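Note that the chains take the letters A, B, C and D in the order they are written out, and that residue 1 is the start of every chain.
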Amino acid sequence: MALHKGRGFACINYPIGMNLGGDPSQALVHSTPDGKFMVSLSAIDLGQGMKSVTRQIAAETLGVPVADVYVDTADSDTGPHDMGSFASRGTHRVGNAVIRAAAEARAAMMEAAADELEVNPADLDTDGEGNIHVKGAPGRSITVADTAIAAQFKQGKTLSGRGIFLIPTSDVDADTGEMTPVSCFAHAAVVVDLEVDDETGEVTVSQVNSAYEVGRALNPKMVEQQLIGGAWMGISHALYETTEPYYPDRSHGPDDYNSYLMPGAGDVVPHNIAVLERPAEDAPFGGKGPGEMCANPLLPAVANAIYNAVGVRCDMLPITPEKVLRGIQANGGAQPKGTF
Amino acid sequence: MSSIEFRKDLFADERDDTLKEIGKPTIRQDILGHVTGRSPYFDDHLFEGLLHMRCVRSPHHHARIRSIDTSAADRMPGVRRVIRPEDVPNNLNTLLALINFGKDDEALLQGKKVAYVGEPIVAIIAETERQARDAAAVVRVDYEVLPHVLDVEEALEPNAPVVSETYPNNTFDYHELYDHQKLRFGDVEKGFAEADHIVEGRYQMSPIEQAPTETCGAIAAPETNDRFVCYTSTQALFFSLGTTAKLLDMPSSQLHFIGGTVGGGFGGKVDSLHEPLAVLGSKLTGAPVKYIFDRAEEMQVGAPRGAERWYIKDGVMNDGRIVARQFTGFFDCGAYTRLSSYAIIKGTGHLPGPYSIPNVASNVYCVYTNRTPATAMRGFGITGVDFSIECHMDKVAEAVGMNPIELRILNAYRDGDMKAHRRLAKNTALIECCQVAASKADWAISAQAAAQTSLQGGGGERAAIPETVTDQAGKIGERRRNKIPTAPGEGASAKGRVAAGTSVAPIIAVPPQRDDMIIDPARTGHRKSAAEQSPAVPSVHSAPIAPPRYTPPTPPTQAPMAPPPAAPVAQPQQQAAAVQPAAAEPYKPTEPFQKGIKRPGVSRFISGTRRR
Amino acid sequence: MAKTPVRFTLNGSETALFVDGGANLLDTLRRGVGDLSPKYGCGQGTCGTCTVLIDGEPHLSCLTLAETVEGRSIETTGGLSNGADLHPLQRVFMENFGAQCGYCTPGMLMAAKALLAKNPNPSREEVVEAISGNICRCTGYEPIIDAILATAGQMRGRVA
Amino acid sequence: MLTVETFDTLAQAAGAMTPESRFLGGGTLIMRGVNYGDQSFQRIVRVRDRSLREIRSESGRIVIGAGATMADVMAASETSFLADVARQVGGPAVRNMATIGGNLFAPHPYGDFTTALLALDASVRLSDGSEQPIENFLSARSSMRGLVASVSVSRPMGDEFRFRKVSRVKPKGVSVMSIAVWLPRQGGRISQARIAFGAMGPTPLRAKAAEQALEGVNLDAQGIEQALSVATAGLSPMDDSLASAWYRNEVAPVHLRRVLLGEGNR
């Protein structure tokens, strides 16, 4: 019996946003009577943090504290149209729509404040803490709350905004595949360290080191969540998961979480992440949306590490102990490929 | 156990890190609901007299339905309604009809011919879920079992069983012309001829379940004013609403969809299978109806990430440069199209991966087989081919005896490179990711590889589109008559050439409707590197602007992160930078954005209304 | 349909209702009583999202025949906080990003509460063991394990 | 329509059982069937008798009530030698529910506890007071009438009893296989060994050829060699979503060796 250490590398890029356009998202922003802002969407939060990231985007754009913004989604009667939360389009498309809606609401807010302070709106700025002040003269200010009250109960104006973000549909050439597929690319590279048991074919991932380029980490803790959880899913895809274990044979499909295999709480792998941020020019504050791409590089990195460990190329996912063991047997034993 | 560092030192001159809310570890807006169990998922809405729906499903891979006898089910205790295929007003749809992509091919309830195990035939509505299950168990369907096909390449044989009459060749029709999507860039045959090594591989990904802890479902109920409310787990509210309106032949204004709080999706909650049946059930019974997958259905009937098979052939020089790369890909889309046809477009645009390769060709097939239809999943259209490409890169590295990371850096795409889909690369960062990951793992790379950057070395010759060889092989229906090769160029009767050239302008976002919808250029968080700064553009601020190359983020107060060890030591933030955004230059977006760019203070909106 | 009466305490409150033959505790709590905090994830006992405490011990409510809890004490995440005061587990899960979609969270909290009640100073392995019947698809478990360990530390600190 | 009938004693419940009835133990098997509309039964029979959960010593043997849960087994001092087996059955919630009686009927790939009982030569006592060896019980369990009241086992000496569950998921997953061995020794040599495999057939099965090959040998690599070569004789593993029959057969001797020699599992 021997345990063989192996190390594998993979790097990827990932297209952000739905493919060929034609997929708008809309947002509405309006102020409550006392200067809190409601963002109305029909985008979906399925754990990726849509409500939270659009809230931060709206707050940043409006120039008010995040605590003063609430995102309401998704009700088709009140939230304007949105194509959906998929294809890493949420942050990009919805985020941009929210920027536009919040920018318009901000413009109205600054105008109302200018009216109260009797200055030109262009001379005003927000401090991000609920105040609007004259540039260079922080003492000459009005609160956002007072601005909203004045606008709505004195000036007769709404502090509201509308936003839509659309990349128009584009065609694909039948003969060359020429197309305009995406808005921007996120990037990642990972190194996986693992051990292979040459008697059972069992693989134990021992460590992951990674670099993920996400444009901008709009919320660093939520980025961390996506990257940790996404890498877990990548390892899971590489070594465990399928609905058809004997594909293309259709038999023995799992029907519960006991038979559909995923790494358990005891299989957690230490993961050391570096986040790189190269803002994309048309993405909201440059953020690219890390949710989908985070899993992808783990699959090949695991496969490459297994080859490095025992000399077995597993080109069929998932890489079960059986496939590894069959490979080792076909090679007449483990054939470690050296260390990197 | 794990750690995270933010390498603020990299690309620092392209970022303005003085933003106030962006970049902060603010806790989730919805977290209090999560930890108190009060977050309203679709099933967390209580209705008096809620009815439950269960479907009768096909036990066969492929069978013609001779008859359906629901009489026993009608008489079962608690049964309020049995919905048969003919009760669905407009019983044929394809999910991407909403963006006019593909033909309607799938029934909500199948009454003619089932094409996968689990395909729904009849829906039972009863007072309890158990009653609905008991009634479903006594529905009698008379089947004529048909031959089935489960392998993507077998499905392309001339005599293969026809999975779906809508696509009788077992392949999606691309551009009303070919039975696959082509990508052609340069001449791979020429590249292979020049290459020192040819490296080939075959890769396979089996179907994968999204497995969100909340299963897919919907509750529909009659609302006032002849409308229906539908609480749903959908990932795409208006997708589901539009699909429901179409299948039920209802005006969309009659539908009130509520969702947005979903227990995980990962792509598995786009298909809109539940909302139409729940609304139809509610319409037919006048009562609230819940239709939810149990876990076994979620695992085997709910659409997975489909299987993919890829063949890759590379031509490689001794120094590691990849000079030609050819793909033949097969997406197993199961019995109906759902989203696979589109995944192939996305995947094709992704080829040949994040590398600059002068000759690229691919044929990718969306193949119908008698299994559960495939749909979206995290990494849609990309995960399978990235697995294939990156395993293949290791084979190439071995063939030429190179460090695998150095091989990637050598071939990596850079700013200004022409991609195979004929658009220029920008904002690239693959090389930096490789370097940082290698360094974190103590995986040694050469000084030369460590010195590369995505910002330089691209463009120039690498920005050109080469003369390209095309072919017309694989016209729709051709494969039914004869077995023909699936790889690019093979079996082509006629080859053509597309002249060399340069990229056309990419299609970009529609600009904001009004100037006021444009965020102040100084507040976007973007910054151009010093080299790219245009002195002609006036600053919006009077203060002298010399943006620091690195501005540390405000330290988080609640949940400190591991400090970035390789980043410069954090400097106290300068007071001036905090008050006045440091961006020296307005946001410089692509063209249509510029159309609306204004200097703050000169808004038509403001200047036109009043002046003091 | 014949209904069976069942009485129990739910988060300290006396509760009584009639249930159908074969009704499980999960449906009874959710649709019968209106406590929506335990979630349906499988009905098979394989996901743990429906975990509740019965007489202080974690049980899968989807596999518990409702009438068998006659006279017993049931706790759910719906009763975890003391009014507006969050339980330390809730606070730490909230502040330390211990949830993404949130669907597994009520079950995780119940599993963790049972652990900490018996073992205020658990090792990482003991935390892993305590949540070994609970599936999370978003987080990769690590933030959940960390949150439970952090809570244990905080609660010990508070006692000391 | 599903009905539930509750009785005070096991004997009453046994008398009420029909082919359409299922006896409710901890619920982990039956309630799953209820939730999924299992049409093979319409009646649930249960008893209130708490004594079914008792674990006690009785004339040199440990008697475990059929209603004892895995958690009960872990908590009772009498069954400390089975605590590790019970711990591996499932997560805490499952262990608070799943009963020893239910585990006797658990279909493939479940039944790890029963695998241990088979290695320990447990005896199964039915509600009518009759008693039978667990091996006989398992071979006839699908057609069994009556209800199980308890099982009894002898406490093994020292390290005579060993158990290992091979699973893909840590710390809790279902079995690729489980292996339980009872290795009584006389003068250092193995005598009357019992080896049971779980998830290597429709019920837990003994590896009798391997047992015989261990007779009189030393518990070392050389001594067990012959036993390993016949480890899978008499087993009939199946393909399932966790592993193929081929794989199970291939690694069964490996895992058996690791159990016998006390080699670390990974």
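Basically, contacts are C-beta pairs under 8 Å (C-beta built on N, C-alpha and C of every residue); 3 or more make two chains touch, one makes a residue touch a chain.
Please read these numbers as outputs of a predicted model, since none were measured by experiment.
Peer 1: Which interface, named by its two chains, has the most contact pairs?
Peer 2: Answer by contact count: the chains A-B.
Peer 1: Can you give the whole-Å distance between the Cα centres of subunit B and subunit D?
Peer 2: 46
Peer 1: Can you give the whole-Å distance between the Cα centres of subunit B and subunit C?
Peer 2: That gives a centre separation of 35 Å.
Peer 1: Please compute the C-alpha centroid of subunit C, do the same for subunit D, then give the distance between them in whole Å.
Peer 2: Once rounded, the distance between the two centres reads 29 Å.
Peer 1: With centres defined as the mean C-alpha position, give me the subunit A-subunit B separation in Å.
Peer 2: Using C-alpha averages as centres, the distance is 12 Å.
Peer 1: Residues touching two or more other chains, restricted to subunit A: which are they?
Peer 2: 46-47, 49, 221-222, 224, 228, 230, 233, 245, 253-254, 256-258, 260, 262, 264-266, 268, 271
Peer 1: Which residue numbers or ranges of subunit C touch two or more of the other chains?
Peer 2: Correct list: 1, 20, 22, 42-44, 46-47, 97, 100-103, 125, 128-129, 131-132, 134-135, 137-138, 142.
Peer 1: Which subunit D residues sit where two or more other chains touch them?
Peer 2: In subunit D, residues 1-2, 34-36, 171-172 touch at least two other chains, as defined above.
Peer 1: In graph terms, nodes being chains and edges touches, is this line, ring, star, complete or other?
Peer 2: Shape of the chain contacts: complete, all pairs touching.
Peer 1: Which part of subunit A faces subunit D closely enough to touch in the complex?
Peer 2: 1, 3, 195, 197, 199-202, 204, 240, 245-246, 251-254, 258-267, 320-322, 325
Peer 1: Can you list the subunit C residues touching subunit B in their complex?
Peer 2: 1, 20, 22, 30-31, 34, 36-44, 46-47, 49, 76-78, 80-81, 86, 89-91, 93-106, 109, 135-138, 142
Peer 1: Would you pull the subunit C residues touching subunit A in the complex into a rising list?
Peer 2: 42, 44, 46-47, 97, 100-103, 125, 127-129, 131-132, 134-135, 137-145
Peer 1: Over in the complex, which subunit D residues touch subunit A? Could you list them?
Peer 2: Listed in rising order, the residues are 168-174, 239-244, 246-247, 250-251, 254-255, 258, 263, 266.
Peer 1: What residues on subunit B touch subunit D, complex-wise?
Peer 2: Interface residues on the subunit B side: 54, 77, 130, 133-134, 136-137, 294, 296.
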